[in-house]
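Note that subunit A is present in both complexes that follow, paired respectively with subunit B and with subunit C.
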Partner chain A sequence: MLARSCLRSTRAVGAVRNGAVNTSKRAASTSSSEAASPFRLNMAGSAATAVAIGSMAWYYHLYGTELHAMTPTEEGLHPTKYPWEHAAWTKTFDHQALRRGFQVYQEVCSSCHSLSRIPYRSLVGVTHTVDEAKAMAEENEYDSEPNDEGEIEKRPGKLSDYLPSPYKNDEAARAANNGALPPDLSLIVKARHGGCDYIFSLLTGYPEEPPPGVKLPDGLNFNPYFPGTGIAMARVLYNDLVEYEDGTPASTSQMAKDVVEFLNWSAEPEMDQRKKMGLKVLAITSLLTALSIWVKRYKWSPIKTRKIVYVPPKMGGRPNGH
Partner chain B sequence: MATAARPLYNFLVRRNYIFLGVIFAGAFGFEMAFDTISDRIWDNINKGRQWKDIRAKYIQSEDDE
Partner chain C sequence: MGIFDTFTDMLEAALPWGEARAEAAEAEEKDDEKDSGEDSKEEESKDDEPEEEEEEDEPETEDPKEKFEEECKESKQCSPAKHHFDECVERVTGADEGKPVDKKHPNEDCVEEFFHLAHCANQCAAPKLWAALK
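Showing the complex of A and B:
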């Protein structure tokens, strides 16, 4: 209705401005009494627009804003994105780094964290030789099969044994750690938002002392990257904590980087093979795609280049019946 | 088809059992060549990163002991 009256009003204005043209049109429908004044029409239009914008803003205010179940403190600080070289899609793990990372796990992390899904055999050909892996496995004792009396004796570890856990079970782990369970690290890179970035940030992100105003329960340490910022694990990586056998300087970030890469391997031991196979698949499929495009063009070329000519029959003469 | 390729075509494709053999042998040969080449490219991209690149260090150090 508003639009129609607007149209009418412009037509009325036009009629005033250029009467000569409008004389031929039907001017009877545009009676002067029906045309509203431009001021009131502008007001009405502006008011309608304001109402529309206002209702949209109100709706957005009610339903449009993002809701967060947790405060930013509870979310934890987002980890920094680091340029992991092994994350590039044509790069394998750096196996020297994996070996160093295993050393860091063995000497530092394994006192609290288990790595229960990794057997010694999977280290062979990845970080260690067969003999080294056997020697490491034999350092631990495992339950053997029941003997003739039904007693279970201890035997030295074999390659097929899994890395020993520091605690007998989760309850023992909780009891030893002030109620906090150190998570198993086998799949931790896959199991945490941010993956490698998160774990690296967590390991290296402990401040010297918590910022003023932060109150944490006893036994918790401040780490901005940990959701809730209160983490039961204290900072463990300090410069020169381990001595690398290959002479790499064992700075905090170097150790964190190595152990994160090792944990990435333990979560995705198939990554090297997968990326290599992926590259082969891409090569073959691009070849086949190019081939199929060429075949299509080859087969269609006579159809695409043909010319259809229509010769109209001669008009006026008798229809020639052929 | 070019006249030079005509005898080759006659030999390889005319008889079905030979054509089948050509396909199988071609697949086998292509697979070998493709794997060899792509392995070489892959090892070149990841030079020094894989276990086989660092393996020698640890084998030798064991012999010394």
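Showing the complex of A and C:
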């Protein structure tokens, strides 16, 4: 090893010597000792490298760091991830929780928020029985078809009617809420970053008092999770605000959890079916894969088991020598 | 759709396990019939029930989220965040009471410190809370 590297180095020296001879031949007028100085030789390369590194550093300095146009306050506190049971791949909604959540919506939220995409019929078999849903629908009045005189009379609700909205229109809703529009909650879980976690945190996240130094305009309440931290909705959930028919202790966070799960259902009522369908797809695809492997084996078996035999031709009429 | 439904319906009719129904369970009526047929023992025990309920003073529900988060704020995990928050509270409320104001940040608030503390407490309380809630 050592001997070989020694050999190589003598060869390298020879090459350098040859090079030196060549350059001195070519530039006969300049002194040949300058070209040999290692500083001169490496200067251009070093300078170029320094410029390259410098320009990269400058670029990073100018464009590299992330810009934040918003302060943390404007961004709002990011909600914590909660281990929602129904979010798991193989889990359905807890329908007992949905029923409790509907109760919370009905008794608390429905005085300000509409849930306009949910008809009574879709509650059937999800949170309520047919008879319960019918009874609830009948508690409200809806416009009927024009009668013979063209008057529109009121009729009691039916299963096909949608949940009534608390206000006639958005303007009325704004007027009643200090200028802030309580959004429709049907799709709110899909409409907010953080989904369930965000709404749960929002509902349970009102601190007893805002941190010192915070100045909010009149009519706004401090909530760390709402971007900007000033929200027009005051805290609505308090312990024991509703009485659950299944005896679950109605703490603030229990009510919030239930109503959020219910709102998740209202935004994604197909979720249970979707997961069931997903599992069906997996089961059927795996069945078909297995089947196709066996069929392939079956179809290929003659090809895989065939034997190619070479029988040499008989030689020019002579009998085989056996 | 139609054919598929027919098959599933037939299958479900044949399968032994039950199916969720939208209609109200009919069990209640049967219970009533039973009750009327049975001895007065049951009725006696039923009479007792309301009294018991009255005696039980329903304890105020307390919010597990608040409880766990308070505990978490005091925990070692969150002590740096709590320390910064407390310091900020002192600084800002002190400024309100006539102490020398930090000239660089005359309108300081403690929102960021609050965020960090709340984030830490939430993170620590989340699994405990979910274990406690139904």
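Assume the second predicted complex is superposed on the first by the 231 of 322 C-alpha atoms of A that agree within 3 Å, B and C clash if a C-alpha of one lies under 4 Å from a C-alpha of the other, contacts with A are read in each partner's own complex, and residues count from 1 in each chain.
In the analysis below, a residue touches a chain if its C-beta (ideal position, glycine included) is under 8 Å from a C-beta of that chain, and two chains touch if they have at least 3 such contacts.
Just so you know, these numbers come straight off a predicted model, no measurement behind them.
Of the two partner chains placed by superposition, A:S116 touches none, neither subunit B nor subunit C. Of the two partner chains, subunit B is the only one touched by A:A283; subunit C is not.
Once the two complexes are overlaid on the shared chain, A:S301 sits clear of subunit B and of subunit C alike. Put simply, more of the residues of subunit A are touched by C, taking subunit B and subunit C as the two choices. Once the two complexes are overlaid on the shared chain, A:K257 sits against subunit C while remaining clear of subunit B.
In the overlay built on the shared chain, the residue A:T129 is in contact with subunit B and with subunit C.
Once the two complexes are overlaid on the shared chain, A:P249 sits against subunit C while remaining clear of subunit B.
With both structures placed on the common chain, the touch criterion links A:D272 to subunit B but leaves subunit C unconnected.
According to the touch criterion, the shared surface of subunit A, contacted by subunit B in one complex and subunit C in the other, consists of residues 96, 125, 129, 131-132. Against subunit A, the residues of subunit B that register as touching in their complex are 34-35, 38-39, 41-42, 45-46, 49-51, 53-55, 57-59, 62. Against subunit B, the residues of subunit A that register as touching in their complex are 90-96, 99, 125-129, 131-132, 246, 272, 276, 279-280, 283-284.
By the touch criterion given at the top, residues 72-73, 77-83, 96-97, 124-125, 129-132, 201, 204-205, 207, 211-215, 224, 229, 239-240, 248-254, 257 of subunit A touch subunit C in their complex. Across the interface of their complex, subunit A is touched by residues 20-24, 60-66, 85, 88-89, 92-93, 96, 107-115, 118-119, 122-123, 126-127, 129-130, 133-134 of subunit C.
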